[in-house]
Amino acid sequence: MTVRVGVIGVGMIGQDHIRRITQVLTGGTVVAVNDVDAARAGQVAAALPAATVHSTAHELIADPQVDAVLIASWGPAHEEQAVAAIEAGKPVFCEKPLATSPDACLRIIDAELAAGRRLLQVGFMRRYDAGYLAMKAALDDGSIGAPLLMHCAHRNPSVPPYGFSTEMIISDSAVHEIDLVRWLFGEDIVAATVLTPRRSSQAPDGLQDPLILLLEMANGVLVDDELFVSARYGYDVRGEVVCESGTVALADVGEVTVRAYNQHRGRVPADWRDRFIRAYDTELQDWLTAVAAGTATGPTAWDGFAAAAVTDAALAALRTGQRTLVAMPDRPDFYPKAPVR
Amino acid sequence: MTVRVGVIGVGMIGQDHIRRITQVLTGGTVVAVNDVDAARAGQVAAALPAATVHSTAHELIADPQVDAVLIASWGPAHEEQAVAAIEAGKPVFCEKPLATSPDACLRIIDAELAAGRRLLQVGFMRRYDAGYLAMKAALDDGSIGAPLLMHCAHRNPSVPPYGFSTEMIISDSAVHEIDLVRWLFGEDIVAATVLTPRRSSQAPDGLQDPLILLLEMANGVLVDDELFVSARYGYDVRGEVVCESGTVALADVGEVTVRAYNQHRGRVPADWRDRFIRAYDTELQDWLTAVAAGTATGPTAWDGFAAAAVTDAALAALRTGQRTLVAMPDRPDFYPKAPVR
Amino acid sequence: MTVRVGVIGVGMIGQDHIRRITQVLTGGTVVAVNDVDAARAGQVAAALPAATVHSTAHELIADPQVDAVLIASWGPAHEEQAVAAIEAGKPVFCEKPLATSPDACLRIIDAELAAGRRLLQVGFMRRYDAGYLAMKAALDDGSIGAPLLMHCAHRNPSVPPYGFSTEMIISDSAVHEIDLVRWLFGEDIVAATVLTPRRSSQAPDGLQDPLILLLEMANGVLVDDELFVSARYGYDVRGEVVCESGTVALADVGEVTVRAYNQHRGRVPADWRDRFIRAYDTELQDWLTAVAAGTATGPTAWDGFAAAAVTDAALAALRTGQRTLVAMPDRPDFYPKAPVR
Amino acid sequence: MTVRVGVIGVGMIGQDHIRRITQVLTGGTVVAVNDVDAARAGQVAAALPAATVHSTAHELIADPQVDAVLIASWGPAHEEQAVAAIEAGKPVFCEKPLATSPDACLRIIDAELAAGRRLLQVGFMRRYDAGYLAMKAALDDGSIGAPLLMHCAHRNPSVPPYGFSTEMIISDSAVHEIDLVRWLFGEDIVAATVLTPRRSSQAPDGLQDPLILLLEMANGVLVDDELFVSARYGYDVRGEVVCESGTVALADVGEVTVRAYNQHRGRVPADWRDRFIRAYDTELQDWLTAVAAGTATGPTAWDGFAAAAVTDAALAALRTGQRTLVAMPDRPDFYPKAPVR
């Protein structure tokens, strides 16, 4: 069965998912698109064999040709679109963040609970990265003992000179590690603290960059996450989990070693696509395969909510300079404790 | 357009390509299968949505539902099947070796010349490996100067205890490097020599393992290729090109570094699938995409012939202990000098 | 000129320095020893060509055959011995810590100020490690910009099952990083915070292990230092300085890579001697050379005081769970701001 | 006891050994020097506390103040000087090559046999390198099985534009690997072959650079040694021994990893002193310690002869293009089969 996908939002990430479904993955086809920018929607559709342009997201969701919905619109629109798709009984892939507030996430969860079956997968693609999967395998096989702490670094070469705020370092960048460590350790995050090291003179005006985000897991594991969006030298995501009898760390990703000019040198990725392109592919293939099979997989709406709740606490910690507890209601039994992926 | 593929030969490698077309790649579907073992063909077809079983390769080739032919039968059958597919005007992907003798390869070339257009791609998948592609990019950008020599190692953990001969170390293993260096340097191989180091006591009875194969390129570049099929510790393919002002080498491929028991450790692949699975995917996707576009790409029949001619010389060198010249006729202008891929 | 050294304290570290002076370094000879355990002093002296055993440290210091004094006694004795040696006008090498309280350190400083010339070098040997020296060179050459933060890890395989307290993780282990970052960045530490991750079940009863120590430098550079004395897998000291346009990190130290059992593996040092033996050699050679030349080098008494003041603040932070400011008086002009070594 | 050393030949290497004895090592002092350039001998002696300048090597050897002789003169003078020192009953450290022909080496051996005790150590310093020592330990512990073959590379950034001949690539560069593999495997070399890859356009006029030297050990182990003296990018010595169940390779030697400009980078040594300075220190300290103890250690005169015999065969192989057997008489029982160091 080929899954007929309707894509809401055809900006950079939406177009990239369309390319993926069309040119890389198996089992999916893009049959409908929608965007707040109708002209852009038309241009994207024109390059596809047979895709309808819908003037609203609701129209796309209601289209009987659409088996499943991929939401890549901007964050504030996610809630309404995800709820509508769920109410229409259609599987949804929703880019992160699930929604822009914990409460909005809870309303999506309510819709899914009402539907009575999992319909939504959140786009936390790091769970599909070969590096993190190998890290999780090393943790889960028990040979290096229980995890005690984790060091993360998340470095982007640069951000746009205007419009990127210090808060976005938390909500856009750190949200990846927030979901990742919940998945990696199978535990919730109970508190967040933000530290502000010396500011880089290379950072855009007004941006406090880098930051250190401290996350405390329910079982005591402490995560320190260096977030540095003006790191200049490349896109570098690093991680080391320290366990009771050993550690496991992401390895460098370069394919070759060049020896020249008194150095041996390997490549650092240029950007996040370069680094995580395979994870995006695997993530979306998993979604298509699950949809075709009538099942669901990957990060749940509850994971989306949990990330939002921790992000909220981290933003409060950034504002106040204080350690901030995460407000988490009880998890509905509907959602698994241990992440499936 | 979805390319409707007929697969001849559904042993291990044929089944793996069927899995790839069906579950991993985009743009292809398997509509017909054939195998000398009819029962096996039936079992494989039964697991596919709609695949016809043909009792002969010729019948499969003639099937109007079959747009393109994938040959994964045993080597001695390749010539007849490839020629038939070319004469039927159908694109062919032929697993390596193209055929089991240089002369047989030349007859396939004659068929393609008669057809007047490229129809055949040979399955030399290393050209699609991210490591070798990065190596070639480093060579081609000129920053480390002209290549002078190359060190290769090709290590398999083990071979079956019976039925694997010393000759097969050349014809089955070394053939990968033989094609690779022609592609990497854009030059032909003019001579081969085989050296016999101390034999491993772990090698099956009668097997001279390891070997060193020396290949001389037309421009003087000297390649030494260690071939060791009883290496036990893993599947390890290594390569370093030494140039006039630097070198480029394949990096290790492990995803994580584990620190335990006074060591830091990374993974060595378990087998060739583990190491090259992505290269196989890319190779076959390229073929499907080219077929759908009515074009051809990848290693040509001439490349298949050249590999066979060098293999022949290397086998003679193994028998005689002497440096042996490669007998190469002039390349028809039909085939490009510089490999497209 | 051969420097005639008197050694006070001939336990493990004292004996190691004697071996160093006697069998490894040039320009020194051990002519006198003293220890609270007179029998041990006698045994050590018996193995030396011509060393006098003194019954008190004061007697050793007063011995006209003794050109210079090496203090390797236990910490509480350092103050009195160092002051006595300085008052006798003799150069002193004093193992870390300089003394067990900031005030005691200040009294040593007063003695040195009264002497009017530098006589004392503190045994912070990491400043002499090839790795840290290369790190400092990379920082100082300016090519990766100003430092913003540093990640450290200091892992010991184990500590004795009894008698090693959580406080000692600060005073014995972290003191190395405390001095190191002052030297590396040429800045003072202004505040300390201690975090307590999940406790290792492998740690001795009552020990909170690991810890994270946060150090804030006067210029805003933030240092996080993972201290883990039950790390089991080896002695592993790691460090990465994140700068405005790049980072510099200690590399692994193994001499060879072994490939076996599907892994490539390098060595992690077994203990601190294995890791830092060369740094100890260089440190003491520098001292002997300076003494012979009538000059002084290396970490000063002021560096010893600063380390004690920061250690004090870190211990308070450990007790209270609060960020604690470091109480630092003005530095006498007598001592250089930028560390000489 | 301090060993009083007389140094014959105070060019670059002689001066470096004097610096080593005087400023780095323990247990030695330089009391006499001689050089064919008397002015240079005078200058060097002037910088030493108390060194006599002798007008001839024989006079220096006869000087009763000289306990032991270090020969760092040019190769053709070694034979006469080494024989004279042995006949005087004085321990000798002789820089490599022991002498410039196998026959000359045999005459030194005759002198030592006549003396009836080992007096001479040859300066093959690679046996003292931490990397090769770790490699030998990994081989000797048996965990990766019996050795089968070895890949070596010996790359210098450049040689002087005039006066360095292709033969010197064998006699000056390859001689290090020739001795090394005899030591590493405890076996003699029975044959040599020289291959000539594409010549680097960066090599001085008339120099065939790089070369590949193939060495066959008595037990069948095959060594390929890439020799490249115009490698430009640095001084890089590499080695990997392939064994029956694993391999062991020299690791990179850089102290830190710098991340900048989309790369992670480590250092390649600038020259042989940078790479092997510690090995030189250890080598000469071992000699001084052995001399002081009245014993002998390290590479023997027989090792010096064996290296000369293999060098001779390799030079013949270079001239003729043919595999050349090594002419080796029976080893006198006086010399150990298995190298002591």
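Chains here go by letter, A, B, C and D, matching the order in which they are written, and residues are numbered from 1 within each.
Quick note on the criterion: a residue touches a chain if its C-beta (ideal position, glycine included) is under 8 Å from a C-beta of that chain, and two chains touch if they have at least 3 such contacts.
Model, not experiment: these values are computed from the prediction.
State the pair with the higher C-beta contact count; candidates are A-D and A-B.
Comparing A-D with A-B, the pair joined by more C-beta contacts is A-B.
Comparing centres built from CA atoms, which chain ends up most distant from subunit B?
Centre of mass proxy via C-alpha means gives C as farthest from subunit B.
State, to the nearest whole Å, the distance from the C-alpha centre of subunit B to the C-alpha centre of subunit C.
Chain centroid spacing, subunit B to subunit C, equals 58 Å.
Cα centroid separation between subunit B and subunit D, in whole Å?
44
Can you compute the centre-to-centre distance for subunit A and subunit D, using the mean CA position of each chain? Integer Å is fine.
58
Per the centroid of Cα atoms for each chain, what is the distance between subunit A and subunit B, given in Å?
The separation of the two C-alpha centroids amounts to 38 Å.
For subunit B, give me the residues that contact two or more of the other chains.
Residues 144, 233, 245-247, 252, 254, 259-261, 266-267 of subunit B touch two or more partner chains.
So in the complex, the part of subunit D that touches subunit B is made up of which residues?
Of all residues in subunit D, those touching subunit B are 144-149, 151, 153, 195-202, 210, 212, 214, 217, 219-222, 224, 226, 228, 230-233, 242, 244-247.
Given the complex with subunit D, which residues does subunit A contribute to the contact?
233-234, 236, 252, 254, 259-270
Which of the residues in subunit D come into contact with subunit C in the complex?
It is residues 22-26, 130-131, 133-135, 138, 143-144, 245-252, 254-261, 266-267, 285 of subunit D that touch subunit C.
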